[in-house]
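Both complexes below contain subunit A, partnered by subunit B and then by subunit C.
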Partner chain A sequence: MTSTAFNRLGTIAFCLLFFGFLFGPLIIMVVTAFNSSSFPRILPWDCFTTDWFGKLANDAKLLHGLGNSLIIGAGVVALATPVGLAGALALSEVGPRLRGILYTVFISPILMPGIVIGISTLLFWGRIGSGLGFGFDSIFFDGFFLTILGQVCFISAYSMLVFMARLQRFDHTLTEAALDMGATPAQAFTKILLPFLRPAIFSSAVLAFLASLENYNTTVFSIVAESTFTTELASKVRLGIDPSISAVAVVIIATTLIGAIVHEAYQRRAQALAQGGAAAQAILANPAAAFIRHPATVGALLLALAGIAVYYGKGHDSKACEQSILDAKLLEQQRLQDEMRARTQQQQQQAPAPAAPAGSAAPSTPFGGVFAPGGLGGAPAPAPAAPKPAPAPATPFGGVFAPDGLSGGKPAQ
Partner chain B sequence: MTKTVTLDHVSIRFGNYLAVDDAHLEIAGGEFFSFLGPSGCGKTTLLRCVSGFVQPTEGRVLIGGDDMRGVGPNKRPTALIFQNLALFPLMTVAENIAFPLEVRGVSKKERRKRADELLDLIALAGQGDKKVTELSGGQRQRVAIARALAVQPDILLLDEPLSALDLKLRQHMRTELREIQRRVGLTFIYITHDQGEALTMSDRVAVMSRGVIEQVADPVTLYDKPKTAFVASFVGETNAIAGKVTARDGDVVEIESASGLRLRGIAAGGRNYPIGETCLLFVRPEQLRPDGGAANVIQAKLAGDEFEGNARHLLLDAGDLRLRMMLVNDGRMPDVPDGVVKAGFDVESALVLPDGPLAKG
Partner chain C sequence: MRLLYDFKALFDRYGVGVGSFVAVVISLWVFILILLPQIAMIDMSFGHNLPPAERGGPNDVYTLSNYAYFLFGNDGGFNTLHLTIMAKTVIASVVVTVFDLILCYPIAYVLAHGAKPQAARLMIIGLIVPYWVNEVLRAFAFRILFGSTGLVNGVGLALGLWSDPIDFIREDVALYAGLTYAYILLMIFPIYNAIEALDRNQIEAARDMGASWWRIHWRVVIPMAKPGIASGSTMVFMLTTGSLAAPQILGGPSNLWFTQLVYQWFNEASNWARGSAYAVILVAVCILFTFLMMRVFKVSIGEIGR
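Here is the complex of A and B:
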């Protein structure tokens, strides 16, 4: 084998590992959303089901949290974008030494742990509120108000970075030219700089919205009595997970994919048009091609696909399959129980044990009675030193904590 | 309408750095006036001072007799054409040209009409809906001029607008700019480091060096009668020979160079040259003749020969001196026995100027 072939194999292997590492969890998550097993898992595969999405759609708490998240996200976008823009503009205007200092100050909220921001937001506004004599029902103790302000603290720094990157490519003589031609500074800003920054405003808004939506560390403190999507999800997970979590993941992944594809279509089109020449002609000359390549068409098509998927998903009924799986399970359980019963009978016949547990009374649960209250109490019975196994109390602790447990254990008595 | 521009003892300082040192001159209405100098000489700062982006530290700028102190760039009757043109990339050609009208609240219809008129003027009729990026360099140049002319300024300021163009286009635009200036009759203030541009287009030229205006004169005077060593060496090519004054006879000064050559030239710079003073004698390459039959003769070895089509440049080596001689290419090459040239020049074609810094290059 030549070394180039070896290199190529190595590259392919690395790529596979890398992408597996990146997307493996997502793929597994997506698949588990369609398994009817009540725990998110792929194997054993029970039935294809869409019930988890139905469960998700009927989860009032989660939906309420999502609504709150959207409101907070909109508020954060509305505040963080202008604040970030102002910061970036300030940095582009000041001298190099002051710029270094200001940059560090503006960026520091990103470096600060979210928890610290959350708690300090809560305390700061609470103190101000009570200092001014407002009660707990005032805005200073309102979860929305606090969460928006807390998130804006660091999300506006993200926005600022986006704007700074764009501003670095701005030719400041354009502003001077506008001024020279009679524009007021305000006109130069709205007619020259803002149009140039439009793509950055869009990116910054998307970034701010997503950062707000997925934030937990800060929100969990500043949200006070309310809840958002993430805090609701977190409390859900704490109580135990079922595949409706996977269904959430599927919805988020699908939304992201649609957004990304539409954005890509938009960029390609804009790029082709900006380049001009043959590529632009190919789009402009042929109305059909122009229609297909238009990002709105792409978006509509993807949404329609998603709609169809939802429609057919709703119609899908996995009850029959689930029933058959359940029947099979019950059957299997029955068989195991029979086997066990046969085995114990055999043992009893062979040698009557000193204190045989009441095996025949094993409850018919999927766990074979391991968690049955009497399960443990009965188990220590075969121990040879046990003096009086019969009155052993039926507790999970095997009677260790029973009042007479200790005295009864002493062989001297 | 044209207006005069007066620089009244203008000095501009950036911290400790003196960018413009006591500029004092008046530019007449309708004049094509150039500031010529190497980069960093303060000419752009001076232009930005006239347009209002920089405030003079001392002195005043007057436009049409009005003191411009405290008047912002958007309130001055000047239009600046930037070195990089500063066309708005997100607007079409017509929108660019109509921008000065847009910010003055002129209606859209009116704007379009005026833009079309101006497009006619710059011979780009019917191209108003193109993007700026679709135009060639020369077309962009003309769009920038049209945009500056849209609101009929009194003074047009141009900051090296041709430096980004290739040679052919630059030469073409020189004539075109001069033509536009005659047609609209505005005061043009032109900034350049290219003496060719300054000399061909301007009515008058101010040569600047290190923030100081060395000389203000029309192009012919500037070339033939430079007042300082810097102007003599910056405008056009020349040979500078340093020496001490040994004799003086009326206008004629005799100097002795370090290697003992005695050369005579006309005293210039408007001053006396006492015996023994160090000074510089300048003679242009085209004034040197290879035949040796002149008042001043320098014997030199032929060190190089550059052929440039219409002209031939001979590089001469005369001990501690290096000279350039230019011959019109008339098909004849001078006779150079043993590679020795007797370079001669007349007294009248040599200028004696006080010692001073020379232009680099």
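Here is the complex of A and C:
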């Protein structure tokens, strides 16, 4: 009994550690986006700031890359989904021998190093382009064209896996029934199979878009002179680290979380409705519950929350806090400098003591003691070339700044 | 012709329109997107690095010099620098794969047999969500974590575990951690799929007969999980060797990953022929090593990728 309890405890501890490893780095990265320190870190914490997001919003290169990524992503989704579907359909129908070969070929782009796909796409189309006599400004050397093709090469395989999982659950007797009732094979396909595959089409499109957006290894070769969101991000990271990159992560993670929560709400609702009975009744009978549990409501609520966060984040001004941190730093620096000065002076007073005339306060440094505390103020006092009458001002400005220095002259007139 | 005959079922079931769509699209995919580009790259790797004007001229002949360079360098001795980088990449990938296996096997088991359905569902969401974050950003997160003023150093110094900041980047700790993190998902799901098929009664039976927990795993669960472990390890190994972003961001300045060599031949040395040869070498070494490991662990190829 104790051993099972021990096992349970161990399992839970392992899971906690595991998910700590999974989420810890992301959470730390998110937190660093709000620290005003110019190096992304948590300790020491300087000020809560939202300035890094402002910097991000003004990063023209990154936004340009994002625009390019959206175009490429759309192209990849449009191509990879039908290709993946065709692959899955082919695998579901061909004989077992060919199936094995085809499956290996279809899956190979996933296992192939991404850079190899990028390089081979670049070389292949470049060769075709120059073979046909096109110049470097033709489509065969275009970063968008090459990147879309390079990414479709392996993202189609992801799509195919999604479709295969869905096809496995397809009941082929449905198609046969339709054929028996006089439908043409094409009708059976568009009226029966495609509607059945609709959820898979949706998830494969989302998956393809995300995979395209985040791809680096293939894109960095096939994009040629252009840039995408990820390649810009990577060059930013490689050139110099600053918390605006963490701010990118905050935006992406927030978007992801909203998407995941809405999707989960949708799934639970669909599941409850499909289950029927009490679970479905709870949603259908109560309009308020139905409204609250609807994925659109959940999504709108989360978006509103995000909007409020952005609104207040924009209004937040951390200037005062940053200034105080800067002041504190300057003060600290000042203190350290003073300390060092005092120390060097002490050392110098001790070390050259035998050489210097004993007892004299004469400064032995080349700077004439200006760094000694009171060195400047004290210097004019013993000046021998000042055989002036008693009220002679001690400062170089001749006492004009003395409270009655100027007015003091008037009565003399 | 047999090949076409195999497609007949497709035409029978879905009609000529859909059947020819499928046939045309998968031919385009296989030939235009997968095979021909690879052939173009292999072809390129056997050529000299010529300026465009000389292409097709008398100097444009096949050569093994790009491969010879990988082995021997310029001066006839072994090209120890590049050979070491290759060996280091493979060894590091094996280490990363083993880390992933150790981390993921228990989680996959818990997912399949330990956790209640609701908890398992939550765990799966928790596994997937981090992978929607960009690969570059994930590597960046580890850079923050392991930097000289990062949290790990901060905590370690505060607890007095070490007295000077440790350069985790130079020591490649950050790289190993980042790569292990990057491919967790690819290890968990194949193992999960394999273990899920295991009948719970077998575990119960073993337990009733008095087997200890590690014996149950060793004799009952792991044999069942073997195909999943094989395909997970293959994927993690292949993708780790082929990764570029994590080594670029997390790698120490003096330690290169083999993909970075390829990158340098293309982008810094502009020697595409040699870069292609290095890319071919990378793929060949990956595949050969995987086959070797499958031999060693007696896994057949058909078990992989289910």
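In this section, the second predicted complex is superposed on the first by the 342 of 413 C-alpha atoms of A that agree within 3 Å, B and C clash if a C-alpha of one lies under 4 Å from a C-alpha of the other, contacts with A are read in each partner's own complex, and residues count from 1 in each chain.
Just so it is clear, a residue touches a chain if its C-beta (ideal position, glycine included) is under 8 Å from a C-beta of that chain, and two chains touch if they have at least 3 such contacts.
Note that this is a predicted model, so its numbers are computed, not measured.
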Should the superposition on subunit A be reported as showing a clash between subunit B and subunit C, or a fit? fit
Contacts for A:Arg41 in the overlay, against subunit B (first) and subunit C (second): which applies, first, second, both or neither? second
Quick check on the superposed pair: does A:Asp338 touch subunit B, subunit C, both, or neither? Answer first, second, both or neither. neither
Comparing subunit B and subunit C in the superposed model, the one touching more of subunit A is C
Quick check for you: in the superposed arrangement, does A:Asp317 touch first (subunit B), second (subunit C), both or neither? neither
Between subunit B (first) and subunit C (second), which, if any, makes contact with A:Leu22: first, second, both or neither? second
Let me test your reading of the model: by the given contact rule, A:Asp327 touches which partner, first (subunit B), second (subunit C), both or neither? neither
Touch check for A:Ala86: first (subunit B), second (subunit C), both, or neither? second
Quick check on the superposed pair: does A:Thr184 touch subunit B, subunit C, both, or neither? Answer first, second, both or neither. both
Overlay on A puts the nearest Cα atoms of subunit B and subunit C apart, in Å, by 9
Set of subunit A residues, in rising order, touched by both subunit B and subunit C: 184
Footprint of subunit A on subunit C - complex, ascending: 3, 6-7, 9-10, 12-15, 17-18, 21-23, 25-26, 28-30, 33-38, 40-41, 44, 52, 55, 103, 106-107, 110, 114, 123, 125-130, 132-145, 147, 149-151, 154, 181, 184, 213, 234-235, 238-239, 241-245, 248-249, 259, 262-263, 266, 272, 275-276, 279, 282-283, 286, 302, 305
Sites on subunit B touched by subunit A in the complex: 51-53, 72-75, 78-80, 82, 84, 86, 88, 90, 99-100, 102-104, 131, 133-134, 147-148, 150-151
Under the definition above, what is the set of subunit A residues touching subunit C in their complex? 7, 11, 14-15, 18-19, 21-26, 28-29, 32, 39-43, 82-83, 86-87, 89-90, 93-95, 97-98, 100, 102-117, 119-121, 123-125, 127, 130, 149, 152-153, 156, 175, 184-186, 188-189, 193, 210, 213-217, 220-221, 230, 233-234, 237-238, 241, 245-246, 248-249, 252-253, 256-257, 259-260, 264
Mind listing the subunit A positions that touch subunit B in their complex? 171, 173-174, 176-184, 187, 191-192, 195-196, 276
